[in-house]
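Paired with chain B in one complex and with chain C in the other, chain A is shared by the two complexes that follow.
Take a look at the complex of A and B:
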């Protein structure tokens, strides 16, 4: 039963990694930019939810809705203000910019909300679900369910909606998309909004389970490993990579000496890069010359 | 007939390198106009400059009498210029049908569905493979898909960059015939860039010859096809039977 209990905890943690990894992959596929501030966006999302729900005492549902909206707006503003002017600069420069943005967001969050950990109050988080001998907190259940619903929504969006297909088209062949009259610049802004939205959802889901402080964005580093393990550029891969790392961490925590749990993500990453460098879901086909 | 597209003294640079050096040309409504030239003559650059992917340093481009200066390429596409780039750039991981629908992304009218059927009528092979991803198509089919996608924009002007590149002679003739049919049946004005001068001249109304970024000849296609310089340098014909040699001594009349 121990193993099953660990699995549940691992899946829930893995979903969080997966959600952040989704944000990495979305932006990377659309713009070939790696947004290293994705974890910090999650942190900001959690703090905004805390502000609405705990400080302003809005009802949970409206607080979450307001958080999602504000984060989408923040995504748009970041793209317009920081990323678009960098168009045509080397990818390395943009990458440094996003790392800088991460530092900035941490500092800003520390200045506004302070360094001591906060808890987001929810109507559900304190309860647990007893399934035989396994105990699942509602907070963890919400993470898994929320992630599932979000993945389904993303799948439907990219598979069937005109806008979603256009976003895929723009990421697959920017030149052809532009020549077809697709407003690629506007779609890229949209991708940033979606990706900030996902970060916000991750933040809202994770905040009731773990404490919120300006440092929780560092989880993004592990999520980045998850994205690579899944095959950078594959949305299902990001989820699978996240789950893999989340589950492995839990088991390493129990069965391996102390300290191993924190490096599991990187061990998996290293092994993956040796064995199958293109990741689990290698969606990137070699570009034909 | 009226002029659909006019370039006057257009100069475009790649960094410090001047790729086209003062090109002036006209595409008349309803014509198939071809632009011939060797590798590196600047043909593709001319098309990229028209479609807005490159910004001209000097000169003016008028489409329907309006300047295209400073417009983003997707805006220019929505004005009615569909650019089919070299190397058949398709959306490799989208299905054939989604590729075509993306061509009509900017359109809001109700004729998109009937236009899709129309594209399938011109290229029946695409209808057979409409659920497959575009990456699985052969080169010729991808070229057809790229042309079909451009048609979905319902453009006034179609810019075709080397549609014959890398295709078998049979396919080249097939695609060339379809281009002519699109021109005649759908009223699409065509600017065709080609290295395959024989194919291009036989299908065009008017032709330009581009060399080192300059227009060196322009005339009706039939006249160009008979011009000795074009015959020798672009159509590979010789006026005497001497093997080799001559080519190096003879100078082009425009030099």
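Take a look at the complex of A and C:
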């Protein structure tokens, strides 16, 4: 039963990684930019939810709605201020920029909300669901459900909607996309808004089960490992990678000496890069000259 | 403007091309050598830190700026160098052999990291090096019998020709000498066939391969050399900080090192030194800023990395060629004074194309 309980915890943790990884993959898929600040966006989302729900005492539902809206706006603002001037620069430069952005956001969050950990209060988080001998917190259940729904929505969006297909076209060949009448610059803004929205959802779901402080953005690095394990640029891959790392971490924490649980994600990542660098769901081809 | 008419082969291979350069670099060398007589102990210590950063910068610039392999984990090599050097000193190895051992071990680690590097590019590589750095940091934290774990490890004193490294002036000269050696080595390496191969790999892997350059061999070599130089810097850094703890070599350190070469200007040797000066004196600048700010703002947790981040963003948007690139532009403006056209350095934007199928 121990193993099953660990599995449940692992799935829940893995969904968190998967959620953040989804944000990475979304931006990467649409703009070929790697947004290293995705974890920090999640952290900001959690803090904004905390502000609305705990400090301003709004009802949970409206608080979450306001959080999603403000995060979408933040996504647009970030894109217009920082990413738009970098349009057409090498991807490495943009990667560096988002690393800088991550540090900046952490300092901003520290300045506004302070360094002490906070908890987001929700109507459901303190209850648990008893399934036979396994105990599942509603907070964890919400993470799993929310992730599932979001995954499905994104999959449908990229598969069937005009906007989603336009985004993929823009990522494969910007010039051709411009010629086909796709407003690439506006599209990129939209992608950042959606990606910040996903970060906000991750933040709102994670905040009740773990404490919020400016440092939680660092789990973005593990989520990044998840995205790569799954094959960068693949939405199902991001989820599978996240789940794999989440579950492996829980088991490593129990069965391996201390310290291993922290590096499990990276060991899996390195092994994956040795064995199958393109990830579980490959989407890359050999680069041409 | 100066036009050189080269009449002898020696002129073509000389590191310093003309008397103007000889004069200014000579003056700079005199200033560097005379620094202990000009400034007090604290700033001398900071200058030796700058020299150490410059050595690490040579390593990282070789890898990122000249071979085009981005590394987000160079703090790991710094850590390996520092701990190995400290351990060797503790075991009774003299200063210089101990530094050599640290360099070799670091180079070996670099070759291990290069193994996956042969199969991937860009962000994949950056993340692999990041993963390596996290594993090294955790390994150091938990391998207590050798590294002392989070309790830390005191760096023993060492001496050369009877002079101790705790003597600020001697340590400064020691660091500067090694920095000059590293720079000369890098300059000469880049003029050799090996260095040309590195640059070819940076500009296009596929065409480099087409020209008969063995990617595996040269990438491994680049990683090994880069790690060796960074390991040397790590060994010196151990003496500078005096007490080693794993969190001195965390992700932020790696990113600071990368920030150094980006701010200095990727792909230029001068950039290393601009970047090292920047990185070495930024904490002082931030400390001054902290005094000037109201206390509510000055006590923000993570203020220092935050300012690092903001500067990095500013630099990338305003001047991607780095400080040295900016200086080149200013110099060109002065050279061509009345004739300078505003759009001389307009950045070429390119449309994104990928070879992805889905």
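What we mean here is this: the second predicted complex is superposed on the first by the 284 of 289 C-alpha atoms of A that agree within 3 Å, B and C clash if a C-alpha of one lies under 4 Å from a C-alpha of the other, contacts with A are read in each partner's own complex, and residues count from 1 in each chain.
Simple rule for what comes next: contacts are C-beta pairs under 8 Å (C-beta built on N, C-alpha and C of every residue); 3 or more make two chains touch, one makes a residue touch a chain.
Here the structure is a predicted model, which means the values were calculated and not measured.
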Touching partner for A:107 - first (chain B), second (chain C), both, neither: second
First, second, both or neither for A:172, with chain B first and chain C second: both
Touched partner set for A:144, first chain B, second chain C, both or neither: neither
Greater chain A contact set [chain C / chain B]: C
First, second, both or neither for A:162, with chain B first and chain C second: first
Touching partner for A:182 - first (chain B), second (chain C), both, neither: first
Residues of chain A contacting chain B in one complex and chain C in the other: 168, 172-173, 175, 178, 283, 285
Chain C to chain A touching residues, read off their complex: 70, 115-116, 119-124, 126-128, 130-132, 134-135, 138-139, 141-142, 204-207, 251-252, 255, 258-259, 262, 297, 300-303, 305-313, 316-317, 320, 347, 349-358
Residue ranges of chain A touching chain C (in the complex, touch as defined): 31-32, 34, 82, 85-89, 91-93, 95-97, 99-104, 106-108, 110-111, 114-115, 168, 171-175, 178, 214, 221, 224-225, 228, 232-234, 257-259, 262-263, 265-267, 269-270, 273-274, 277, 283-289
Contacting residues of chain A [partner chain B, same complex]: 162, 165-166, 168-169, 172-173, 175-185, 283, 285
Residue numbers on chain B that touch chain A, as the complex places them: 51, 53, 72-74, 77-78, 82-85, 89-94, 98-99, 101-103, 105-106, 135, 146, 149-150, 152-153
